[in-house]
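One structure coming up, written as structure tokens, with questions to follow.
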């Protein structure tokens, strides 16, 4: 019986990380209508950044976080000017195609450098054991960090001038320009922020699970599901969407063959989309 | 004088599709596909053209949804994969002849698409694109668990099944010709839809769905019909293709990469045109194939392919044919 | 006229292959209210867009405060105090009233005096103060227009351009808004008004331009123009 | 400005012509997965094969009568996807004039490639496809060098039964053709051995978090685990089983523990067993070719890393072909095929013999797999052969110590 | 005169705002009924209710004796009601001829594409677009787009045209041309319900005029009667009294 409770807890813990992974994607989507297909690669970039940093410096993995935020931000800015800037205002398909192309390049480079073999960043933190079930310390810390980062993002978007400017640009780009917001700079900043979030989520995932150059695909797909559950363009909702997804996975497992979970997951995904296109936790948007 | 002008103008319009040059250009292209590999019995060329034909089929049909109706079907590979599964299963278990099995696959997938279409096509834009991804992934997950189709292990076909088609060597030729035929049908379907009333309605939907409805276009019905119609030939192609592979497994049959590639191809060639997706498919397949087997680029084939695509997206936003049309408007009347 | 704040010289503009404005010249004097009237589609909104920089002019110049600002992007013009309250309000619907006002004060010139301007706007429109935490999408049409003007004022404008303020509003609200504009005029604010409610607009204005077919048809004092039959014809078709 | 670039690319694409094989050269064609998820295994396979080729050529080539044939490889990237495999193998046969083929890595790609080798009657030695079904379809030109899927965890079942005849086993494995085939056989073997199967489930290959699955394993009361699939999932399973303190006494995982990088999992790797086609510590007495230690030494010198079983099977594939050609005294396909059919030999890789009945033609029937376990040795994690006992290089660790 | 379109007690609210308030009127066969009123009076909303873009909250719409209340737009088009939009909505990438062909194909008569092309050609010629048939609609100027709106509606072979400010934004020459076109449409026996700000045009074209204010009918009658109604003048030009107050205060 406690197994179910354990699965719920596990679902919430890992779901928070899923939510964080989706946050960057939904931020970019919401602000500039760009479906960023480099998202998976950015997550992988975060994983490998952690690997390289801890390998080279021997630092605690969590000490690498600031460097990964800065690095992810820089990479995001670069990608924005390479592939996204010219697509703003063009049909949504075009940005999808340009990010698809860049993703090919990134995956190709990653494969050339690291192969598609296994990488692992050993992190050990004391876990929490309840009855026979143990919740690893890395998972708890990752969930806490995901929550904190989501909170920071929320505070940034709703509490700071620049954050509000991002929301204003997302809400009405033309009007934002009219009140004096330099929209292009804000867009590039938002894209870079989304990229940094993706990298950080990759870094946190790398503290939980071994990974390969191709791990990004699975998280990108999950991020789409999370976005739908959490509401489009709503980064705060993504955390709830992620937890909802984690709960679906956690709760379904004890009751059915594991292999059917994906069927449930995507069935739910399509059903939610058709019934409530804005997402379950959708905030009011125009 | 005005009336006279009317009559001459009307006469200037081609009487039927047969009077348009492009109809015959398509025929020529098909003929080239049929004849080229037979010169010197070039099976290598045949294999390359076969993949090109598959891409052309996928892209041409996808183009009806993207280029005409303006709906980005991200999971179009689900048609191809399901058609493949149905055909392989029908050939392998009840022992249907290939042609019957492939056709049956097409019909079933088309019917399923109609049902799904009515539900999913309520969504627009990115929501629709996401839903099609969900449908593809959901179907893949289901097939993984569906033991009559071998679940995740997939289904194997004995090469002895090639015997009715004249043994393995002849069979591959036969399948190639069948696929070229499906390719031809796809091109003509795409063309036929474009010049038909149905296609006009789809184009109107693609331009402005609300205005189209006000003009009398039954938008929901047309969208669902288009979704269903464009499932038919890819499903048949999937059947032929996986019969030829003699093996089908979910991770190949429902690989989203293919869908994304198909979209890229449509954009590359020029959405909404008939020649665009075909030329885009040919170009893309030959480019990837060449990079894969090139001594210089094979290790960076993904990087080079991605970089080239990006350059095209950045500088030829309307695609190859679209850009050509914009530069030489008269070309529209010949290459449509 | 003394002390010209905005000098638009032979402005031409359009969209794609279509030219909408030809050779439009107009001047706005400091501390005055200037009105631009004309039929639907005559090119008023296009003129404003070209002045503000949402579309780039094809010919001519926009001189503001003595400097040529023709090629500056819209956000840079706000930084200089050239502010547009656009037609249709164009608010940030998913944000609160207060956040909308805060965005109005995004420019550096305005951010410094944020609190001061906020008090001023709330004094002018007490309704907005009551609803400061409300999402702007939930406001009524009149309140939204107040917010749009309030947001414009938050930018600390030298010149406030207001496009079709009374569109779709009940007369009593229109009255309120015009009273507010009158207060602003009394405070010395320079205003360029595009308005279909000719009576009210002319009552407030010091000078008026009539635009027809993308060209300046005539100009003069409102009192003089109102009595001329060709104005009634060009604008109202009466 | 842009069009000329495109045109140049098109022209260059057309200009890549074929060049025919030398008369004193044997051309062998294969595809490898230079990109995509199968890249690691495929790379090992190819490096092993490359080493064989270099060995042969350094020794003057394959001796056929008084002629010596140099070996040339043509390899293409199949991207780990089935879509291009047939095109590429056709090209290998037709354009590159490959006389013999090596199979691609993975069961699925092998099945697809087999259609082409059958079509052209080209002999194909497969060292990367364990799924037996492909050899039960009546294929005539296919020869499987490695032990089929049924053998992967056979040693694990035997060893577990020997240490705990009443073990409660959870079978949890990836939804892919290879893993499913292995575990289907394992399930039968376990039942026959009298072990209790308390859980038998597959998971989607894209699964990222095994937390709930492991909770289910714990709830099932299992004390032993067998399953996994490929790299990420296998390694993730091992790590999460450890971190979630499942405290199982026995863990067998497919494929992932065969990679030396598995050691980076640290304590989570300790005691994990895996079925292996070959381990460096094996010491068969080969009838020809290098001995195990020789192979390991030279491989290390060449590639600066330890060979895994993929590398060994890649080398063995070449060795078997070479032996068959030498036995046949000809490069004629039919004669070489006859030599392969008649073959029953011992190599550094172990014994090799192919089934010759029409229903299972080409299936490997002699090669034995071993069970390898990650053990602590002088404070370092190393992989040791622990089963069967006569091949063991270390004592089996049972149960895995609790932590 | 027989009634073609009968509006009875029609009502529609948007979030508390009554856009159309218990409105009733009739359009007769072969008449041009002018609809005037200030911006925001609910004129375009009324059109959207008639042609099915919105469903009314209350009341009914009958066309040719058939209740069409709440039918979807494409069905309304089939019944024989066509519309020209105030904000032109050309199918931009399609040519002028194709735009008209859409109207003809899916209009009241079920034409094949080929027949529709002929009808479209005829309609395009009727509004004077025959020299621009192969041009993408996006490339037309505003006058051309307005004509295209009209041609598309005409090609649908409707019995009733809803014209929403088709004269707005045109210069006097273009206005005159359009007025001629509209007259000739009526001569074909087609009824027209037109929203227009250009009083001169409304006055000269309309058989009758209805004035709408805040979703309600303010006045109805012959053009001359309505034009001199002080209520109408106030609603249309704004309140002169208000202006006086504003002045007086300064």
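So that you can tell them apart, the chains are marked A, B, C, D and E in the order they are listed, and the count of residues begins at 1 in each.
Keep in mind that, in the parts below, a residue touches a chain if its C-beta (ideal position, glycine included) is under 8 Å from a C-beta of that chain, and two chains touch if they have at least 3 such contacts.
Quantities reported herein were computed from a predicted structural model and do not represent experimental measurements.
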Shared chain contacts [chain D and chain E, defined touch]: B
Most remote chain, CA-based centroid, reference being chain E: D
Geometric centre distance via CA averages, chain D-chain C, whole Å: 75
Distance from chain C to chain B - Cα centre to Cα centre, in angstrom: 52
Chain A-chain C separation of Cα centroids, rounded to whole Å: 42
Centre-to-centre distance between chain D and chain B (centres being mean Cα positions), rounded to whole Å: 36
Interface hub residues of chain B, defined as touching at least two other chains: 141, 144-145, 152, 299, 301-302
Contacts with two or more other chains, residues of chain C listed in rising order: none
Overlap residues in chain D, where contacts from two or more other chains coincide: 34-35, 175, 202, 204
Residue ranges of chain A touching chain B (in the complex, touch as defined): 29, 33, 35, 37, 82-83, 86-87, 90, 92-94, 96-98, 100-109, 111-112, 221, 224-225, 227-228, 232, 257, 259-260, 262-263, 265-267, 269-270, 273-274, 277
Partner chain B, residues of chain D touching it in the complex: 2, 5, 9-10, 12-13, 16, 34-35, 76-77, 79, 81-84, 86-88, 90-91, 94-95, 108, 111-112, 114-115, 118-120, 131, 133-134, 137-139, 174-177, 180-181, 202, 204-205
Chain A to chain C touching residues, read off their complex: 161, 164-165, 167-168, 170-172, 174-183, 283-286
Touching residues on chain E, where the partner in the complex is chain B: 51, 53, 72-74, 77-78, 82-83, 85, 89, 91-94, 98, 101-103, 105-107, 112-113, 116-118, 121-122, 125, 130, 133, 152, 156
Residue ranges of chain B touching chain A (in the complex, touch as defined): 66, 72, 119-120, 122-123, 125-127, 129-131, 133-135, 137-138, 140-142, 144-145, 152, 256, 260, 263-264, 267, 271, 299-307, 309-310, 313-314, 317
